[in-house]
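For reference, chains read A, B, C, D and E in written order, and residue numbers begin at 1 within each chain.
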Amino acid sequence: MRPAPILSAFRQALGEAWAGGAGALLPLGFFAGAAVLVPLGIGTDPQTLRAVGPGILWVALALSSLVTLERVFQADTEDGALDLWLQTGVPASAVAAAKTFAHWLAAGLPLALLSPLLALMFQAEASASLLRNAALYGLGGLAFYFWGGVGAALSATVRRGGLLISLIALPLYVPTAIFGALSMTQGPGSESAPLFLAASTLFALAVAPFAMAAALRLAAD
Amino acid sequence: MFSWFANPLRFMRLSNWLAPLCYALAALLIGWGLWQGLWVVPKDDYQGGDIMRVMFVHVPAAWLAMASYMAMAVMSFIWFIWRHEVADIAAKSIAPLGAVWTAICLATGSIWGKPTWGTWWQWDDARMMSVLFMFFLFLGYMALRASMDTRQKAARAGAILAMVGAINVPLIKFSVDLFTSLHQDSSVITADGPKMAAVYLWPLLASGLGHTMLFAGLTQTLMRAEIWDRRTAKANAKLMAEG
Amino acid sequence: MLRGVTSPVSGPLSGPLLSATGLGMIRGERVLFTGVGLSIAAGESLVLRGSNGAGKTTLLRILAGLTRPETGDVTRSGPHHWFAHREGLKPHETPRTHLGLWSRAWGSESDLDSVLSRMGLKRPADVPARYLSAGQRRRTALGRLLLEQRPIWMLDEPYTALDAEGRDLVLELIEDHLKGGGGVVAAIHGESGFVPTSEVVL
Amino acid sequence: MRPAPILSAFRQALGEAWAGGAGALLPLGFFAGAAVLVPLGIGTDPQTLRAVGPGILWVALALSSLVTLERVFQADTEDGALDLWLQTGVPASAVAAAKTFAHWLAAGLPLALLSPLLALMFQAEASASLLRNAALYGLGGLAFYFWGGVGAALSATVRRGGLLISLIALPLYVPTAIFGALSMTQGPGSESAPLFLAASTLFALAVAPFAMAAALRLAAD
Amino acid sequence: MLRGVTSPVSGPLSGPLLSATGLGMIRGERVLFTGVGLSIAAGESLVLRGSNGAGKTTLLRILAGLTRPETGDVTRSGPHHWFAHREGLKPHETPRTHLGLWSRAWGSESDLDSVLSRMGLKRPADVPARYLSAGQRRRTALGRLLLEQRPIWMLDEPYTALDAEGRDLVLELIEDHLKGGGGVVAAIHGESGFVPTSEVVL
């Protein structure tokens, strides 16, 4: 397995993320949106905001992964880039993983890195746990992107994507969402939750690329 | 072994007598289990009084929901690796049945939950959520297959989803042990064997076996219909190719 | 459904670069073709013919390994170049970045600037693909053929959107490739401009 | 101004919404997503859920309008349908309005109609105010879709859409979001808020089509 | 930059169907053309010539009123048909629904089935556009020309992706249209197949 095509896939995806308006700037849009619309919608009671803050970010991560990746794989199918990638001779799973990783790097990671800021805006107290949470968002977001990639790749074949992708991706998100949310609470089970979160991310990294590859080969068929 | 079953002709011959047998056994077992469960066994106040009798539907439905997902995933796997058409037909036929059993599990669980836990639904309960998602997976599987333009593609797409989604099943099974949940721990299928009183255990097991038989019978019936469908389509294609 | 027949001229000495037997394909309950066999040896070219919707593009995709045939097998003895309707250009890519990306991906050592000028892309070399003219997009994608030597070229309507000079250029590339011992499969409507070793009519 | 092309634009947009997997089914996906991920994220304290519920739906409406319409106008530019519509001889604003209205009808309205269900799931008490809220969601959603259409049409020109669209559309959403949220609370000003909400929707209906038309003509240029 | 000249043949009696004077266009700091003037009367045809990227498509878009020229004016005496690279087909539309939609939008009364069969789309009439072959997509879009009589046709590379029979069909349509007193502006590479009244070389 030569690494050059995989690196190229990664590089093209980064360029695409940037040119498509995702990239390091998208999180800013999300932040603006969340910071403005959410308090408008749910009121500005600090208690409520604090309770809601961490969850909003999980939801934002899940949504951003879905929206981004659906567009990516659909564009690849429509402009013929997918045909080229499938003929490079390296496993499609490696190409898919490189692309997904690039998009997580461009949009998911910055969102996680900025999460302490959002938490502060939502009235959380500044503490070391905000940094710990940022790491958890990064970890969980990676799993979201990889599972979201499976859903997106599956729905790239059919154009009834909209509904389908949420039906497909949501169940795959659940373990990560459960462990992620659990690991940010103080309740019982919250100590071991980060471990389970890490495990679920590892599992996603190990399994999702192959599912994506199969789905993409199907989309080209 | 797979290849032996993988022959549609052999399957047709087998299911010709096996399906009716399954239905008969199902009627017997479910009949006895329900009769015992609904009228004979004493009620258990700890589990909400008479409402606990819903257990004899809820628990078999829960088992069958998980088992049918696993069966669908395994069939998908077999199809994906060996391309035995019967496996794909089986997976396709299991999906709607699994969705129905999952819906029954959810509905009976909610009905039971209202009096005992005081709520229809608990959002952060890992077990309830993961069963709900299994329901979505069944729906997503059917929607995905339906939206593909060829049968081959439908089979491939469905298989990918079914296999990937299988992570949900262990999560369901072990969720009550891993997380704090309103739901009670496993008491029948555990590492140390059943922990349930025999009066409840036997009717429950009978009912569970009965559901399994019903499920097996219905699966075969749906599979037979699908096989007929594909035969007709093949004949049509041949006709068109010649005409 | 195979109305034409491949001419069974085999290559000089070596085995075929590309061969297929018994290919059949169904799309949406319609049989596109059955029993298509073909083979290309070094220096040979094959032109796919057929009216719109006959299945040429589908057959090419099968030969390239992108689509699975309903029946039959394809054997390729080496890597191939793919050039089809959808050029594989991202809207933000320029001719230079596109060719640069693929030359790095394939580990090729060819000189980008000379490829660009050969394809007549000197001027729009840094214009993003979404602003390129139809012909400039095609030329960019054609540039990939020059990045790396590959025995088999698969071309779907290679003359589309090209001006007269571009057409001559493609013809020249094809002839050079054939002289160099390569093989070409192309779906072409109208004049092919070269004399193909064999034709398959779908 | 002949009505036939406008009707056709409406009809094509409805078909597109349906085939694209939006349509009457997309709200279900959104519902599943919101109902599941949000409580997972923010915890299930009934008090919090009840407080958050109405706001979540506003945010979901805003997001659905953005995501849907961005895709619609981008597709129109890329597949050449926009060129055809601009040459029908009827004002582009009427065509844009018909399309936007069709997409609101396909995805925004069902979301509003189902809102009582979501409210119940989020522990609201069943009462007539849920129906009143559904009407408000319908009204506010219409404004979201029209303003979102402006952002989407603007970002169809440039492909750095992702960020741009949220930066453009968000400020336009704010008045509607404010009045919408206000009209669902009991606080001061909540009686007149529905009136202001209606006014902001009317304003959107009156102004947005022309802005969309200008942006679309720019996209074709 | 105008290297060709329009031939100033005016229509028989009536004024020109389409005329333009002093058209100039700049794209990305590059002057595409300046001082282009042209005019088409009933029964006249104009072919735009020029190498890839010369600005033919851009000029057509200006004539159709889609793009604003940097300088100059365009006058159209009536409605026109537009047929370009991007067919305007939605992936879910079938040839039948696409033509049905536009025939309703334009309030035309032509018979859908006869249009479909004229364009050779009987068989794939109900196949969604995402599964159509390249030529079938083009034929669907060409079908719009038959839905309604319009004096001016603007065609960007009308022969792309068509088989020999489809090419003849388009030629026939163009000739019929010209005979019926219509006008045609077309950007064409290679042979146009008909003798244009005038040519503009960019």
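By definition in this document, a contact is a pair of C-beta atoms (placed from the backbone, for glycine too) under 8 Å apart; a residue touches a chain by one contact, two chains touch by 3 or more.
The structure presented is a predicted model; accordingly, all values stated were derived computationally and were not measured.
The chain closest to the protein's centre is A, with centres computed as averages of CA atoms.
Taking the mean of C-alpha positions as each chain's centre, the chain lying farthest from the centre of chain C is B.
Centroids built from CA atoms put chain D at 24 Å from chain A. Taking the mean of the C-alpha atoms as each chain's centre, chain A and chain C sit 37 Å apart. Taking the mean of the C-alpha atoms as each chain's centre, chain B and chain D sit 39 Å apart.
Inter-chain centre distance (chain C to chain D, centres taken as mean C-alpha positions): 45 Å. Multi-chain contact residues of chain E (touching two or more other chains) are listed as 85, 91-92, 131. The set of chain A residues that touch two or more partner chains comprises 19-20, 155, 159-160, 163-164, 167, 170, 174, 178, 181, 221. Counting partners per residue, chain B has 124, 129, 133, 136, 149 as the residues that reach two or more other chains.
By the touch criterion given at the top, residues 2, 4-5, 7-9, 11-12, 15-16, 19-20, 75, 78-81, 83-84, 86-89, 220-221 of chain D touch chain E in their complex.
Contact residues of chain A toward chain B in the complex are 150, 154-155, 157-158, 160, 163-164, 167-168, 170-172, 174-175, 178, 181-182, 187-189, 196, 203, 207-208, 211, 214-215, 218, 221. Residue ranges on chain C touching chain E, taken from their complex, read 27-28, 30, 50-55, 57, 85, 120, 123-124, 127, 131-136, 138-139, 157, 160-167, 189-190.
Only residues 19-22, 25-26, 28-30, 32-33, 36-38, 40-43, 45, 48, 51-52, 54-59, 62-63, 67-68, 155, 159-167, 170, 173-174, 177-178, 181, 185 of chain A touch chain D when the two sit together in their complex. For chain C in complex with chain B, the touching residues are 1, 26-31, 34, 68.
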